[in-house]
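Here subunit A shows up in two complexes: once beside subunit B, once beside subunit C.
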Partner chain A sequence: MKKYFVVSFDNEYDLVNATKSFKDKGFTLLDAFTPYAVHGLGKVMGLKPSRLSKICFGFAFIGLVIGLYGQYWISAVNWPINIGGKPWNSMPGFMPIAFETTVLFAGLGTVFTLLWRTGVLPGRKPKIYAPDVTDDKFVLVLTEELGSFNSEKAEEISTTHHAIEWHEKLESK
Partner chain B sequence: MANHVETVREPLVHGNKNLKTVTNDVVGIMDKKPTGLWWIGFLIAASALTLGIVAVSYQIMTGIGTWGLNKTVGWAFDITNFVFWVGIGHAGTLISAILFLFRQKWRTSINRSAEAMTIFAVMCAGLFPIIHMGRPWMAYWMFPYPNARGPLWVNFRSPLAWDVFAIGTYLIISAVFWYIGMIPDLATVRDRAKTKIKKWIFGFLSFGWSGSFRTWHRYETVYGLLAGLAAPLVVSVHTIVSFDFATSAIPGWHTTTFPPYFVAGAVFSGFAMVLTLLIIARKAMRLEEYITVKHIENMTKVIILTGGIVTLSYATEFFMAWYSGNGYEQFVFLNRAMGPFAWAYWIMVGCNLLTPQFFWFKKIRTNMMMVFILSIFINIGMWFERFVIIVTSLHRDFLPSAWAMYTPSYVEIATLIGSFGLFFTLFMLFIRYLPIISIGEVKSVLQFKGRNGGGK
Partner chain C sequence: MESDTIFKNNGKLIMTMKNKNILSSRQKMWLKIFMGFGVLIFAFGVFTDPTRAWLNFLLSGYFLTGIGFCGMMMVAIHYVSNSGWDVVIRRVPESMFSVLPFGFIIMILLYFGMHDIYEWSHEDVVANDPILAGKSVWLNPMGFMIRMIIYFVFWIWVGRKIISKSYTMDSEGDTRNTKSPTGLSAFWLYIGGIMFIFSSFDWIMSLEPHWFSTIFGLYNFSGMFTSGLAFIMIALIFLRRAGVLRGIVKIDHLYELSRYLFGFVTFWVYIWFSQHMLIWYANIPEETVYYIKRHVGVFGSLTVVNILLNWFIPFVILLFRKTKRNEKSLLIAASLVLVGRWVDLYMMIFPSHMETPVFGLMEIVMFIGALALTVWVFTMTFVKEKPMPVNDVFLEESLHLHT
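Here is the complex of A and B:
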């Protein structure tokens, strides 16, 4: 049995400050839900910088190798054709396509990794804790095992940071 | 920072908006009945598209002998249209990717529609080489795949094969960038939808987006990465298109200035087209508070800059023709300015050199009607630039006995009109059925102050 404490704000500053307070008082943050990417919230929540840039580099490298080696293998190994007396391995002429495959692999690879990793996929149903997070509400969700949750403290912090609404929710695992 | 002066900046969005009104305004467009102006625009566009479909069907069934080409002028209208449309697309990526990397916050109200324009323009561009093949049902032969003809692979040393990869990658990456940027807004539409069918459609399209900040956090990283990838990509695309000409041994084409010249020209023409479209869209959709006069002004300034680069390129070409001492090269340029296609050349010079100069005046930059008219002149000028480069370089070649003239046939003109029809039909449907303004990004630049002055 898990307990969720869902608290809504109507602007980003209250959300960020409340997040800071909850974090300082030792509450466990499940997630925040916001209508746009709030600047600086990641730092307050203690999120690490995403590793997706490394993934992007990896895909770019794969694209580059496929682009270069693919053209070399096709033009110089598999079926060499004499076109205007140019060398089988026309490496400078292979650069434009190698660049395009690099960008294509990097872009698609990063996006698919993002979608797969965050579970934002076609046919998925969104998990909504409070209404209007895609409109004008900023929602913070705290979680704790039932029994250890200090509801009074959480309500007190919510009030100091001008929360407009809060409620508790129980969910069995 | 002793001398720091607090300046009051003009807000990026007018009308004292808050988060709720932004949602209501942008999503509201999709609920309301379209304006009369929208219907007029849509019907004109759809009629042009119908004409284009008839023309393309006819020329595919009959063959490209229906065009005005001859043995000397083997590339003309079709390739002009291709280069024109690819160029139009470039402004969208410039606004969405390069201005993002430079942290230009004003791009937030216009990036969605500019990106949509890119995708539609690249689709129009892609049609022309495919029609030019004569047997478009064999278009898949352009891709290197194991086949039973040898295997006979494509020739990777040819700039035309580079084009396939450049345009293909550009279309895919632009579309992905556009869609990824739209997912949060599609979720906003989903959460406001009243009817069951609308809920289902936007529920599917928004991929279950919940506004989770853990997702936003990674999403922001990926958005930056895609912008970083799209910026060099857009430069590479028109560079490769210019290689179609520059790597040949034709006087007038065989120049090393072509890549920067083409890229600047592409941005120039693209911004003119963004202006044309957005001035229509802000009027037809009543978005004057979002796409403000400031946005229009900023874009006209980009036009002054890129127009200057284009002017410099024209001068450089002439200078290099003279300085090279190459008789053929000199002839081509004299023939451009004084030969039988001089009228096209001077339309190009008039539209591309003179028109941007009007934008030095604030009175003209802030007069929407004037900007609209001038942007159309630039569109015309840039179409003629490609026509001049292609046709005048070909029609009088090394042997005077092979000289010829070129006149487009009705089929070619109908196809050009049809491509405009396709472009505007798609754009009109887009501004009606999808969030035309990036709701999330506009909200993030509202400088929204909370109750009690917020936390800061």
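Here is the complex of A and C:
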């Protein structure tokens, strides 16, 4: 059994301040849902910087190597063709295609890694914690194993930060 | 000049700031000495080796013009894109704009050195050369000077109209001026940008009048943009260290600029390579002659240095988030780009008249003199006004920039 504490706010400032308080009091944050990107929220939630850029660089490098080596192998090793009297291994001519494969691998690789890691795959049924979350409300979801969750404390913090609504949700694993 | 300026926003005190003299009197003396030596060695060079002296003169003048142009362009771009983050750093590009009139003076003086460096300015040469005769409609001394005056008058006159609104807003507090220069900025960017393309055709590409490249203007534009960005970043870092914008210009502002720089060094190599590859592919003798000169001997090694300085090293330095948010690594990258701009211009200008590279006291002293003049004009303009547009509507947004 898992217990979720779902609390909604009217504006981003209350959300950020409440997040700070919950974090200080030792609550575990599952996630925050906002209508738009709130600056500074990630820092308050204690999120680690995304590792996606490293993945992007890795894919880009693979794309560059495949683009360069592939063209070298095709035009200089496997099937040499005389094009305008240029040498078979003509680096400047390979550059545009190597550039394109770099961009292609980096782009597609990053997108699919993101989809895989976040689980946002086609056909997935979204989990909606509060109906207002798709509208104009700022929603914070706390979680903890049942029994150790201090509901009274959570409600108290919510009140001090002008929360407009909160409820608890139980879910079996 | 020693005045305390207190910046308040919504009645809340942000900070007390001393708009003091940024440079100590000793540094000012050194700047004057550098400028003086630059002028001296140029005057000496005009009599001993006029071609070399005038080529250096052209390089310095074009560099200065690029710095001034980039300052105005950054201001105009941010008006047109309706951006708010740049408000607290806007006085830096606005002060850079005042370098442009000095570029005008230097480029006008090129009239006296025209015969030493421009082949097409000799009537007897043009008469015996069918290609140059065909181009003489555009490339003639009279047209050259008239076009130069038109370019500079447009850049300076319209640019001043845009920039003065920001300054008057400081004293009068009319917040409508936050938006009013937008239309004029778009006009300046469009016409001024085309003029920059033609100016690079006129001043640099015509050094080798038989050769042509349509992407040449864009290539110079990208070099001008990277060097201007590098200058803005270095200026901001030193202003922070001098305590003028400390606590106001945050590392987030430098981060935004470093992303600009990261993008535009890559743009520079993209354009450099586009020009190179198309000429290499087509392999037409009248076009390849340009690169043959630049790919053999010491010039060949300089081409590699050019790419390393202008793209590869800054690209690797600026690839990481940590280095983009670190003053020291930004200072290194920006300085490399500024030196790279000199190498880039050297590679465009000098092979036209020199078989092998010349590098000596004249090159060093004249470029340092040009840099000293740039810094001098920049700081003199910067200390005259408030270090940031205090009445701009977007000021609050800019102060709270998060990246």
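By definition in this document, the second predicted complex is superposed on the first by the 173 of 173 C-alpha atoms of A that agree within 3 Å, B and C clash if a C-alpha of one lies under 4 Å from a C-alpha of the other, contacts with A are read in each partner's own complex, and residues count from 1 in each chain.
Simple rule for what comes next: contacts are C-beta pairs under 8 Å (C-beta built on N, C-alpha and C of every residue); 3 or more make two chains touch, one makes a residue touch a chain.
Treat the numbers as computed from the prediction; the structure is a model and nothing was measured.
Upon superposition of the two complexes on subunit A, a steric clash is found between subunit B and subunit C.
Once the two complexes are overlaid on the shared chain, A:V111 sits against subunit B while remaining clear of subunit C. In the superposition on chain A, contact of A:I81 is made with subunit B only, not with subunit C. With both structures placed on the common chain, the touch criterion links A:G70 to subunit B but leaves subunit C unconnected. Ranking subunit B and subunit C by residues of subunit A touched puts B first. By the document's definition of touching, of the two partners only subunit B reaches A:T101; subunit C does not.
Applying the stated contact rule after C-alpha superposition, one finds that A:G93 touches each of subunit B and subunit C. Applying the stated contact rule after C-alpha superposition, one finds that A:G40 touches subunit C and leaves subunit B untouched. Applying the stated contact rule after C-alpha superposition, one finds that A:S53 touches each of subunit B and subunit C. Of the candidate stretches 38-46, 92-100, 146-154 or 182-190 in subunit C, only 182-190 runs into subunit B once the two complexes are overlaid on chain A. Subunit A residues in contact with subunit B (one complex) as well as with subunit C (other complex) are 39, 49, 53, 84, 93, 96.
In the complex of the two chains, the subunit C residues touching subunit A come out as 273, 276-277, 280-281, 283, 319, 321, 402. Residues of subunit A that touch subunit B in their complex: 9-14, 16-17, 31-39, 41-42, 45, 47, 49-50, 52-53, 56, 70-71, 74-75, 78-79, 81, 83-84, 86, 90, 93-94, 96-97, 99-101, 103-104, 106-108, 110-111, 114-115, 117-128, 131-136, 139, 162. Contact residues on subunit A toward subunit C in their complex (touch as defined above): 39-40, 49, 53, 57, 84-85, 92-93, 95-96.
Residue ranges of subunit B in contact with subunit A, taken from their complex: 18-20, 23, 144, 150-153, 155-157, 159, 161-162, 165-166, 168-169, 172-173, 176-177, 180, 183-184, 187-188, 190-192, 203-204, 206-222, 225-226, 229-230, 232-233, 236, 240, 243, 439-441, 443-444, 448-452, 454-456.
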